[in-house]
Amino acid sequence: MSLKNQGMYGHAIDRRAFLRWLGWGGGMACLAACGTSSTPAGKGQKVIVTFWTPGGGGDFCTGLDAIARDFEQHYPSIAIAETQCGTGEQEFNEVLLARIAAGTPPDATVLWTSPAALAARGSLLPLDALMQQAHYAQAENWPPAVLASCQFAGKTYGLPVTAGSCGLWYNRDMFEHKGIPAGRDDFPRSWDELRRLSKEFTVWKGDTLQVAGFIPWHAVEDLATWSASNGSQLYDAAHRQYTIDAEPNVAMMEYAVDWLNQEYKGDFARVTRSGNWEGYEIEGRQPAFIDQRQAMFLTYSWNMGLKIFAQSASTWNIARLPVGPGGTQSVAGYWPNWLALPKGSRHVEQAFAWLDYMSGVGVQTWFRNFPDLPANLKVPRDLLPTALVDGKGKAFAQDIMNFFRDQLDSATPMWDSPVQDFATDQIRRALEQIMHKVATPRVALGEAQKACQGALDKVLQAGA
Amino acid sequence: MTHRDGTQSHHRGAKTGVRRAARSRRYLAPMIRHVLLVAVAIAFLVPFYWMAISALKDNSQIFARPMQWWPNPVRWDNVLRALHYPGFPFLRFLWNSIFYAGCVSLGTVLSCAAVGYGFARLHFPGRDLLFAITVSTMLIPGIVIFIPTFVLFKYLGLLGTYAPLIVPAFLGNAFFIFLLRQFFLGVPQELSDAARVDGAGEWRIFWQIMLPLVRPALTVAAILSFIWTWHEFFGPLIYLSDRSQYPLSLGLFAFRAQHTTEWNLLMAASTLATLPLVIIFFCMQRSFLEGMTLTGIKGS
Amino acid sequence: MAVTRAQQARRGGTRRREARSGLLFVLPWLLSLLLFTTYPVLTTLYLSLTDYNIIQPPRWIGLQNYRTMFTADPAFWTSVGNSAYYALLAVPLGLAGALGLALLLNTRAQGMGVYRTIIALPVLVPPVASTIIFIAMFDPDNGLINALLQQVGLPAVGWLTDPTWSKPALILLSLWGLGASALIFLAGLQEIPPALLDAAAIDGAGPWQRFWHVTLPLLTPVILFNLVMGVISSFHIFTQALVVGGTTGKPLESTLMFMVHIYRTAFRYFAMGQAAALAVVLFLAVLVVTLVIFRSAHIWVYYEGSRGSNQ
């Protein structure tokens, strides 16, 4: 039976209307292709430098834009395009690498990934020649261990404009309450002293850790520092060797496990769940240190600018790291933000002028917005975090700033491996296994060593 | 009474017998249905509710333990602060999202209906192999092939525009091609045969007979492609260069800072980004009912 | 069997015309495959046989990536195990749940529109926000899920902090996204001619028999679709696993899914050649599973519209 008789042809839209839709849709697509494409606004004769950052939030990026405007006053022939504010570390790497591969990278960029690792793959431009002519960024103006994070095969590929250094923060009120001397020079000098002191404070209430003295090292970012304070290292850049499972390192982790067993019931998971033992708010939970539930912990300089620390009710101070059985002198760790020029950057000299300005001048404004410690030695020592001055007074703030800047002088080289992120993941995995008693320190570190050395050899072989 | 699929029904008289027998069970089934639906609805509503009330809390209270079910104090100004957050021009982003998702949805439905029909009802050499290849393309992890694709678009000179994001949608999408093909395969053969006998061309059969018959599937395709494009951020991230072109999905990243995230503002912005979708979805899903009103059923 | 006029019409010149129409209908997709798929796919295949860090030119190393993957990369096997565990549980649960939801929603009763919107809500929420919400819900100490469990007298579970429960938590998260497949099932249910159900009712079939003998068989094309897509998407799970477990699949690598491993190999370790090889292996594995499903479809899938040709 014919469908025509059943009147089925009437409902649908006719061909003309369909073609109209298609044309409309296609037209929109074309408009999209042409109409919304944008080019940086021409600014006359100026050279326009494109600049990216992995992230940091809206305020941070508008802060960078403000610094850019100041820069343009000093360098009228250069214009910095609006900062491309990224989506966070991981996606940023993807996009940056894709752009470099396609030949359209930004002219300059902030990096949250070690420049040494990127440089080992030819993604960055060497800066040594440019640094010689610079105002602030000469090689001698950077603490050598910190600059090492940007170096590969004898050349420098980035500038560590900010490098938060670390210290052993301790709660003076809690010390004085127990009658323990609370001056910086009284602080424990060795691991054994630290451990003995920690025991004075730790209190368990049933299954919950009520108060902690000091929780032994368990974070991958700090491990290189602790290894160095024990006279060893995780990565030997000079010989391009990993030494993760060297005897001192195994001993270091066995020490930590023993400490965990003795003082923390051997249950790291329970410790983690009992409180926020870090230096920043996690999911609305205050750090235990602020709540007077933690006597000592290792954290970095940016904390001094955070309101909860700068304006805390309790009194605190910071001391140098104690030394392990195998170590001879106190060391410090650091965590930088880097600036670099990607391979394919179009206006190298102008972009480097921007980097240079950021190193010495821009970074001061950056610090006032977010307390990331400037690393360059030419940055004046009287640069102080406002929040801390307001909260604890100028003298204290100056003392703390001096402390952190001095710490960079005794920093241990880190972030300098061509396979940095791979190693971080491997060591993090090893630490997790050690802390949760899934593997012994020797076995876990051994596995990490094997993996990291293998990856390193592969990269060096390829680059050779 | 002529039903949608062309068959005739003469059974009106016999139905009363069935109705009498089912009367006592008439209220039980719908009631169970409602209880189950309410339970499921609550389970699905809770995360959205959490997001919406977090938008109105102080940042420190969002993760407070135990959980707060109602904000206290209620911070309506969070909404304003989110709308005026530096680097987050909400209306601009909203327009970009509507434009982007709308174009992609339109292109997807048009192209995938045609291609799906081709796979389902028309025989041509290599059809089955081509369909197998189509499904296979969905097995390829996007994160690996995006760089060659990106380089390809660079050589076409289309970086910095919406073209790489919208034009491929008008050429088809394996997921929706597969979906529509399955639905077209469910339509009885007699209909298109009869039309062919009448002398109708393939295009006319497709356009005037087959398409209306798969209307629910078309609606689903339109809705889903709109929603997924609305959430798509990686494509815009790599292909767009100007912040003023960003859709909402990218704009939300403005709230993620390095040391502290303002969760309440992020939740406020996320809620604002979801509401247009909710409204559009609610309007579009009503066309599901259309299939039913044509035939007048009493519930399945 | 008498040859129908329709079948007569299909022979001869009309067959050629049909083939031409078919190709025309499929043309846009052919273009897309040629332009946007062939080059990237072939490139990926090639890259899997090289050492490639995205920046420098690829260096040919033959099958070394594959050898490393199978013999020198313990994370490979861990992620395969995790992905398989996840898929084996998430796919059947998701299928059954979506079908159940669609059946519940398939009436003309009042307020169905509201219910449908609510069911679809998790799909409408931005993925970043929904994962954060999820993490808060599953907090072992103060999250909602444990609070509910304890109300019912069950013990609290470590969820995302416990390696045994982290994958089940991810599976539960995937169930929130049921809205999309439920909608597809709903569309399929709409397609079932009510006349058939009425006829069955008149013949004395109860609701369960109507479902089993009328609804379900007519729904099998859509079930096939959701099954295949469920398998594919469960092996491709990425964003949630990355947010929950980071790039190391914490806790203790229990949330390290295969896609996360590919991702970190490519963009964190800059070993794009290795990542391409992993992608090829993933492709082949899921292809095998999909082929098996399609082959089995001959037995259980019923297509109303193509007598004499299945699949």
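Residue numbering begins at 1 within each chain, and the chains themselves are lettered A, B and C in the order written.
The rule is simple: contacts are C-beta pairs under 8 Å (C-beta built on N, C-alpha and C of every residue); 3 or more make two chains touch, one makes a residue touch a chain.
The structure presented is a predicted model; accordingly, all values stated were derived computationally and were not measured.
Chemist: Going only through chains that touch each other, how many steps at minimum separate subunit B from subunit C?
Modeler: Contact-graph shortest path, subunit B to subunit C, evaluates to 1.
Chemist: Taking each chain's centre as the mean of its CA atoms, which one is farthest from the centre of subunit C?
Modeler: A
Chemist: If you average the CA atoms of subunit B and of subunit C, how many Å lie between those two points?
Modeler: 15
Chemist: Report the inter-centroid distance (CA atoms only) between subunit A and subunit B in whole Å.
Modeler: 39
Chemist: Using Cα averages as centroids, what's the distance between subunit A and subunit C in whole Å?
Modeler: 36
Chemist: Can you list the residues of subunit A that touch 2 or more other chains?
Modeler: Residues 94, 97-98, 101, 283.
Chemist: Counting only residues that touch at least two other chains, what does the list for subunit B look like?
Modeler: 62-63, 65, 143, 146-147, 170, 194, 197, 203, 263 - these are the residues of subunit B that touch more than one other chain.
Chemist: At least two partner chains per residue is the criterion; list those residues in subunit C.
Modeler: Those would be 54, 136, 139, 141, 263, 266-267.
Chemist: Could you please specify the touching residues of subunit C with respect to subunit B in the complex?
Modeler: So the residues of subunit C in touch with subunit B come to 4-6, 9-10, 14-15, 17-26, 28-33, 35-37, 39-41, 43-44, 54, 101, 103-109, 112-113, 115-130, 132-134, 136-137, 139, 141-144, 147, 176, 179-180, 183-184, 186-195, 197-199, 201-202, 207, 210, 215, 218, 221-222, 224-225, 228-229, 232, 236, 238, 259, 262-263, 266-267, 272, 275-276, 279, 282-283, 286-287, 290, 303-307, 311.
Chemist: Name, in rising order, each residue of subunit A that touches subunit C in their complex.
Modeler: Residues 90, 93-94, 97-98, 100-101, 117, 121-123, 269, 272-273, 283, 343, 419, 421-422, 425, 428-429, 432-433, 436, 438, 447, 454-455, 458, 462.
Chemist: Would you pull the subunit C residues touching subunit A in the complex into a rising list?
Modeler: For this pair, the touching residues of subunit C are 51, 53-56, 59, 72, 74, 136, 139-141, 158, 161, 242, 247-248, 250-253, 263-264, 266-270.
Chemist: For subunit A, which residues count as touching subunit B in their complex?
Modeler: On the subunit A side, the touching residues are 1-4, 6, 8-9, 11-13, 15, 18, 21-22, 25-26, 28-29, 32-34, 36-39, 55-62, 82, 84-88, 91, 94-95, 97-98, 101-104, 280-281, 283-285, 302, 306, 370.
Chemist: Would you tell me which residues of subunit B are touching subunit A in their complex?
Modeler: 2, 6, 59-65, 85-88, 99, 103, 106-107, 110, 143, 146-147, 150-151, 154, 158-163, 165-167, 170, 191, 194-195, 197-198, 203, 207-209, 211-212, 233-234, 237-238, 241-245, 250, 253-263
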